[in-house]
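Handing you a structure now.
So that you can tell them apart, the chains are marked A, B and C in the order they are listed, and the count of residues begins at 1 in each.
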Amino acid sequence: MTNQAESTNFVPTLKAEIAGGIMPLTPGQLVWRRFRKHRMALVGAIGIIAIVVFIIAGSIIVPEDAANQGDLRNRMIGPTAAHIFGTDSTGRDVFNRIIYGGQISLIIGVLAVLLEVSIGTIVGGTAAFYGGWVDAVLMRFTEAMLSIPSLFLLIVLAKFLGHDIPTIKILGRSFSGSVGIVIIVIGLTAWMYLARIVRSTMLSLREMDYISAAKSLGASDVRIFFSHLVPNTLGIIVVSSTLGLASAILTEAYVSFLGLGVQPPTATWGNMMEQAQSFMSQGAWWLWVFPSLFIVLVILSVNLMGDGLRDAFDPHSTRHM
Amino acid sequence: MKRTMFLLVSLVVVTSMILAGCGPKLKVDVTAKANGIPDGSYVAFPSGGKTVTIAYSQEPDLVDALFSSMSYSAWVDQMVQVGLGTWDANNNLVPELATEIPTAANGGVSADGMTITWHLQKGLKWSDGQPLTSADVKFTWQLLTDPGNAVYTRAGYDQITSIDTPDTTTAILHFKSLYPGWQTLFDSGPNNQGNIQPEHILKGKTGLEKDPFIHWPKVSSGPWVITDWVAGDHMTFLPNPNYWKGHPKLDQILIKFVPDPETAKAALKTGDVDFVPDFAESDLADLPALEPAIHTRVDPGPEFEHYLFNLGVKGTGVGQSDYDGPCPFKSVDVRKAIILGIDRQTIVDTLLFGKTTVPASLWPNSSWYNTNLTPYPYDPAQAKTLLDNAGYTPGADGIRHGMCNGVDTKLSFNFETTNKQLRIDMGTAVQGMLLQIGVEFKPTFIPSGTFFGTYSAGADMATGKFDMAGYTTGFYPDPYTDGFLCSTVISAQNQGGDNNYHLCDPAMDTMLAASNASADPAVRKQAIDQVQQYMYDNALVIPMYARANVMSYLDRLILPPTSVIGGMMGDTFDWDVK
Amino acid sequence: MWTYISRRLIQALFILLIITGVCFLLTHFSADPMSQYANKQGMTAADRAAIAHSLGLDQPLPVQYVKWLWLALHGNLGDSFFSRQPVLTLIEQRLPLTVILMSTSEVFIIIISLILGTVSAVKQYSALDNIITSFSFIGYSMPIFFIAFGLMQIFAVQFKAWGLPYLPTGADIWDPKNIGALARHMVLPVTCLVIIQVAGYSRFLRSSILEVLSLDYIRTARAKGLSARTMLFKHALRNATLPFITIIGLDIPFLLGGALVTESIFAWPGMGRLFWEYAQRGDFPVVNGVLLLTGSAVVFFTIIVDVLYTFVDPRIRLS
């Protein structure tokens, strides 16, 4: 029993032909409509777009060298007209570094989160759905991954692969190929929590009546999984992605200290924060406040968008603020 | 539902308590007696007594410095164990347990220099009342040369063939050949590992690295006794009633382990801690502002930071490496150009707040330093000229390239060092500077456990798979020159070597041999000066800056002057408070 | 259920074997213990070889692993490479204070996130929800160093300077057996740990409560006339706790591992510092010992949580 009456935008999908020739909306179009109407989601979307535009436009206007090199004599100066976000410990302009740092942080963050959410949902869902020995194998594998320190994995990979990685060129910037390794490692070592949570939710969902109804109607496993179970775990997936994004950006910071990922002088929001730690007691607040601000803005926006997405998918939802 | 929550929470709490209870009760035992020390000699927290609290950022893995590589072990060991001689504030060797330093004049050093006679003071005692005699000196040598003991190093002690002890205060050392560094043996001090060990406690045992006494020496020859050690937290030192000099000016010293320097600064401000000996040069940004409540002293130290070129030559012979160093580095002009292209003085002025110096060669702040040399200036114009003359011209991307050994080579070098913030900043600054002269400098920062790895661990510097590297080295107190010999170049044939420079130069070998051929310090100094001149002329390494010991302490603490060799813990006997 | 548990325990032993093997391998390559002796003046190759031999490093890797495993199965985790003391002793010395700190933090995290998550869900999209969301995200995305440093500067250093009652920096010498001193020294570290974790826990709880609140049987209950509070506590929270219990169950094993940054800043002698300080130096026995401890806890607590699911949601069957 759905709550169509309370939603002002619902169009029943009964038959292909309806008097007046109005075409019914597909579920996908429905979701999009509901999303569009969701005020908070739009705020989030605008936030993300604004930051991305800032980063891309900024890197066209500001040359990369301005972010990577500085004058030692101008080091550790607070925000001034010349450097609106101040300068860092080797005299580089923080504003420029935020622009260029954002590119790498967001690329790493988004790709790592996509990877970890995909793996986590599939592992947790498959384990819950099939149960039995599939569950046992997948869950034991999850426990093993939990027990293995990802830090050591990163150090070891840095040691063995450090020298032999080619550089990749995207959009005119060259990145060390080890960025790809960092994405893969962060993605491969952060999915376990989500897998366990998804599994727990699906364990209870799969016992629900409408699932057995769908099964008796002949729906395939894959269809049940993606059409019924996953949408109901979307809320958890959204939360996990949001938190995972922040976590991936911060983990990346530490990775460059192990010899992997981008090396100084290339900036990322994370390594700017990491370096700011050494200068806390000197009152150099501008070194960490600005990267921190941007990270929080990104995850808040992602979170709002994610909430909107979750509400849009949920046919029960009465929320479309 | 509420019940479920309650059950859950209690499950968490109970489980944790079970886990906590599984371990032994918290061991915080401040009674001297419980630690095997004779009762009646101490009061745990003397009322009205003078106490000083020190903050160390690392805890010693074990205290007896003969078995540990940690400087923190040596610093603690200096307080409880002493040697025959020690180093005063002017870096001179003065007697400690001995009555005088052996010289040729007083008959302590034989004519051929191979027999050294030490005389101990009369009536010396360990803190447990047992006499400290020449038998302990002989025992220390036996301990160090026992192959069953995993001591840190035997260097020097293995040159002694025998020790005679005709009476309880005389020890006669017989060397198998002339050993100019004999003065560094059996000494106190953070770098000498020569503290006298108690025969009456350790006799007859081997594998001493596992012995509880080596971990926590409870019987001392030095001014203090460690009466308490709470793992990971703090150590307590009370005066040794049998120390030959008497009672220290203080009544108690406490060492608290505070890993983070920011916390250490906060602790100084709140007065929780009186003395922090191990700040970094970068902390000088805000420490001086804390005067006059908190004093900061910057003492020149015996170490210096340097950048090295990989000078390896590929081959299987003596002095050859597994890999060739970059071809451009074979040219003196290229090396000189790189030195000229780095503005070391600005680095010192900005990143090190002008508190230290740019050395011209190795071993600054020591008596061995060649004072005739002045550091290469910052001269990018001259650097560019040198590179042009060497045949390297800038390409389209601004990086120079030219023919080297028939191959078109770019002046693009990778650089490795550890991931300390100061090193990162310095490497980044150098990168910018070298770009100005058309040299590409690509730093990578890795953990020190990987960077300093040995050949068998596949570490880049040891195996020779690097272009440039940077780290700190020093002299302790004899200039360490083995690292430049052909015979110590690390390769598959010689995995235990420590010539990270992979340098093999017969001229250097000859000069270095000459510096070890005589016991006369004047002769040695001349030879060492020649070595430095040669290294300077040939730009074999890049000395970046002389490292300083930065220590801060509250105004109430009265610290005696510290010596470069003895270090800041060399004279805790004379510490006092207002 | 007991057959299920015994089956799980057998699986646990098997997976622990694999875990220790992989960890041993990774640990071996993560650092070189002999790096501690690098550039030490006067050490000859023979000296280094002697030390490597005393540490057992000159043996082939599989042999080292089997020796370690054999001892571990007999309850002996070997001796630390550098302090030469038994690893079990080192762990025993640090474990009690670690567990006290971490479990106290965990209890506060659970309680506070229960409150925040519930309030946030019930008042979704209100100003309160947005404030809670923003602050918890700020706390989550700020590296813990900054929070710890900030708290210490304000409440320990500045308060003392201003003459107000102040909290300790942790760098003072204090007796953990004194409950008052213990409590005072725990305030700041626990606050740090709570601030960074609360976002994670409360967001998951909020999300699950929202899912449940929109389900049919809640509307039925509301239609039946049950008060909002009863409905909330009796029905909604019960089913919303599955992810919550999962997270708690995943975090408890890592309580044993301590919290490195918090322990370092507040000079708390815990397991986090033990692990990290010894790992940096390549002290393999200590590292492998601690990893075995946390690995065992992970496996063990996963079993407990899986059994707990059946109590929380009776529809879930153990397979």
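Operating definition for what follows: a contact is a pair of C-beta atoms (placed from the backbone, for glycine too) under 8 Å apart; a residue touches a chain by one contact, two chains touch by 3 or more.
Fair warning: this is a prediction, and the values are worked out from it, not measured in the lab.
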Taking every chain's C-alpha mean, which one sits closest to the mean of all protein C-alpha atoms?
C
Go through A-C and B-C and name the pair with more C-beta contacts between its chains.
B-C
Between chain B and chain A, distance of the C-alpha-averaged centres to the nearest whole Å:
46
What whole-Å value do you get for the distance between chain A and chain C if each is reduced to the mean of its CA atoms?
23
How far is the middle of chain B from the middle of chain C, if each middle is the mean of its Cα atoms, in Å?
35
Among chain B residues, those touching two or more other chains are 262, 447, 450
Going through chain A residue by residue, note those that touch at least 2 other chains and give them in order.
155, 159, 280-281
Can you list the residues of chain C that touch 2 or more other chains?
30-31, 149, 245
Chain C residues touching chain B in their complex are 30-32, 34-51, 54-55, 79-80, 82-85, 90-97, 99-100, 102-103, 106-107, 110-111, 114, 149, 152-153, 156-157, 160-161, 166, 168-173, 175-177, 233-235, 237-238, 241, 245, 248, 252, 255-256, 263-267, 269-270, 273-274, 277, 280-282, 304, 308, 311-312
Of all residues in chain B, those that touch chain C in their complex:
1-2, 4-5, 8-9, 11-13, 15-17, 19-20, 22-28, 53, 55, 58-59, 61-62, 67-70, 147, 150-156, 191, 209-210, 214-215, 230-234, 254, 256-260, 262-264, 266-267, 269-270, 272-273, 447-454, 456-457, 459, 471, 473-476, 478, 480, 483, 494-498, 500
In the complex, the residues of chain B that touch chain A are 262, 265, 282, 285-286, 343, 346-347, 350-351, 414, 419, 421, 424-425, 427-429, 431-432, 435, 442-447, 450, 458, 465
Spell out the part of chain A that touches chain B in their complex, as residue ranges.
69-70, 72-73, 75-76, 89-90, 155, 158-159, 162-163, 256-259, 263-265, 275, 278-283
Sites on chain A touched by chain C in the complex:
1, 40, 131-132, 135-136, 139-140, 143-144, 146-149, 151-153, 155-156, 159-160, 192-193, 196-197, 200-201, 203-204, 207, 232, 235-236, 238-239, 242-243, 246, 249-250, 253, 273-274, 277, 280-281, 288, 292, 295-296, 299-300, 303, 310, 314, 316-319, 321
